[in-house]
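To keep things clear, I will list the structure first and then write my remarks on it.
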């Protein structure tokens, strides 16, 4: 089944931006808060911004860009009011959401929007490009729901690139709605949602203190010898807390619904960033 | 350019490295017990490492660690993907890797024992992996086993027939086994043992010791022990029963 | 070098591959793979994710490996190099060849960033180390020497595979094909052993997948080749989707030849494979390394 487009507007381009700076007394101040409908931003706290969707969508053909810059020593939290429902549009083109974020030395960014729901027939692309200073603290959650209740999802490719001081930390692309992925026990299994949270710089998870998987080479030699194995993952039901090779941890979860997904991610997040 | 690797372990001529001893044989014949006995017997005079290939992963390694015969870190387990013979004969890369890790971590070593996963009578070690090999049978398989031969029984440098204490119970005639083994092995040595009853395998340890000494002699391995004469697996040891 | 490709991809290549199930052992243990149907879905998904990423990395590694060979062997320099020489570039290419050690590490870091599961990284490095060990003796080459020097604990398997392909005289497209091939054949064989499946049935599944293996390898190769990637915006839309003033210098460091392209290589994730790999390590009984 294909959901019809909800309105007849033509595709839109929007470019919103958030930029912090150090204000008096070292407090964070929002230097820039530029909305560009449908990407509407509202400051809801000293260093909290909510993304308020002021139109349906994104729809096919839309191209939305959000630039985030967190200045050294400042903090920012970005949330959203509601889930993002991605719909097919009047034209066949993909909807595109691009988020770039730069997080400076000693800065902290929490990016925790509500889930993205892929409605039937949508064709969506997301790109997140995150560039961090080595000691930046980032907590970045991404949740994708494969269609509304009982609905087959449209297509989505969501690419995430995080680079720390120029060295790649995490590059992953979640692809939904392709025949090869659907129902594959290797990809999502029977799950209806996928989510991950990247955590860097919080320092509490023991793995965070390691940089790289670390020779001596013997460490790698024995998959079967627990005593020589560094940096083990922590496992929960449908969820894993994965120490990355670089300075960060990825919480990765699969779930049957959005509520379960959030529970699983939060379980792992508590371990990664207590 | 700029590569700081060390090729010495890739050299198949065995110059300046430990002797690699393969121990193979069917499931349950007592390979792991023999390895434990050798560690006990040789540990005080030799620098040892052990690689196990048990299909149940770390089962053998755990047994050896619990037995306390060797520093647990000197025991590595290799998974063989359901194909124990492949890992010691056709694709020895993982075992070589494990051997080299032991040599790198604890070297120089005198002896690295590679215990194969339990397999059938056709399983033998590649010469690329083992410099010498022992094949372990037990009497409970019946006294016809040596006659059947197979590469393990016929070509191993030493054939060990274990669990001789069970011979009367299973109706196995040790004399028949000795005669048949001799016939198919063209003079290569055979030892009869009861590791459990004797609490060790001194005869096998003595044989291994001799092989290690002659290995050192041939390959100029730097060591702090005197070279002993001893057998080198070329047939000096006759069929004997391993009892003091 | 088609015959060399066959040797490289052959499961009989003594490089330890037989002991890796690519997640199948755990999938069988938890009941996610029980027979030919779910095995087929498993393999298809694995190919589209881990297989695609491995193929792209292998192609990039082969490309890099070939440049190492070219730099090391003046007799085999390409016309472009000779041209630069005639314009006063000296015996080496203009500006000198890129430092292979740094480039191997950089490419290996790209593989690390695409492998969030520590268990998978460990398995990939173990397999890579064994492959380099074996390939160095079969196809001696500065490619493998520089790689072994750059990542002595073991490069990720796809990178080792690409380097071995270059050493064997294969081209990057062939390296990609070897990677897609091994991304499904190893797991398929493991399923035959673990479930006692009819091997002919499973080979039929692989034959059905063959067009996808070709197609995935082509896509990976395209992504790994700058000149072709540029002509195909589809393959690299992410780093520069339509400009919009979002060019990221971190993703396009001009200091390294391959860098910008490596950043944009496919990165398809398989969360279920990650979970399987991690759970597999914790399982009491394991017949396979991974």
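For reference, chains read A, B and C in written order, and residue numbers begin at 1 within each chain.
Everything that follows uses one rule, which is that a residue touches a chain if its C-beta (ideal position, glycine included) is under 8 Å from a C-beta of that chain, and two chains touch if they have at least 3 such contacts.
Nothing here was measured: the structure is a model prediction, and the numbers come from that model.
K.L.:
Please name the chain that ends up farthest from chain B once chain centres are defined by their CA atoms averaged.
P.N.:
Greatest centre separation from chain B goes to chain A.
K.L.:
What is the identifier of the chain with the smallest separation between its Cα mean and the overall Cα mean?
P.N.:
Chain C is the most central one.
K.L.:
Using Cα averages as centroids, what's the distance between chain A and chain C in whole Å?
P.N.:
Comparing mean C-alpha positions, chain C is 26 Å from chain A.
K.L.:
Taking each chain's centre as its mean C-alpha position, how far apart are chain A and chain B in Å?
P.N.:
Computed from C-alpha means, the inter-chain centre distance equals 54 Å.
K.L.:
Starting from the mean Cα coordinates of chain B and chain C, work out the distance between those two points in Å.
P.N.:
37
K.L.:
Find every residue in chain B that makes contact with two or more other chains and list them.
P.N.:
Each of 57, 78-79, 97 in chain B touches at least two other chains.
K.L.:
Going by the contact rule already set, what residues in chain C reach two or more other chains?
P.N.:
Residue numbers touching two or more other chains: 126, 129, 152, 286, 289.
K.L.:
Which chain A residues sit where two or more other chains touch them?
P.N.:
In chain A, 216-217, 221, 223-224 touch at least two other chains.
K.L.:
What does chain B use to touch chain C in their complex?
P.N.:
1-5, 10, 55-57, 78-83, 86-87, 90-94, 96-97
K.L.:
Across the complex, what residues on chain A touch chain C?
P.N.:
Where chain A meets chain C, its residues are 15, 63, 65, 67, 96, 98, 100, 125, 127, 129, 131, 159, 161-163, 166-175, 178-181, 183-189, 191, 194, 196, 212-213, 215-217, 219-221, 223-224, 229-233, 235, 238-240, 242-246, 250, 252-254.
K.L.:
Of all residues in chain C, which touch chain A in the complex?
P.N.:
Contact set of chain C toward chain A: 23, 27, 32-33, 38, 41-50, 109-110, 112-119, 121-123, 125-126, 129, 152-154, 212, 237-239, 241-242, 244, 246, 248, 250-251, 253, 263, 265-276, 278-279, 281-282, 286, 289-290.
K.L.:
What residues on chain C touch chain B, complex-wise?
P.N.:
Touch residues, chain C against chain B: 12-21, 72, 100-101, 126, 129-131, 133-134, 136-137, 142, 145-146, 148-150, 152, 190, 193-194, 285-289.
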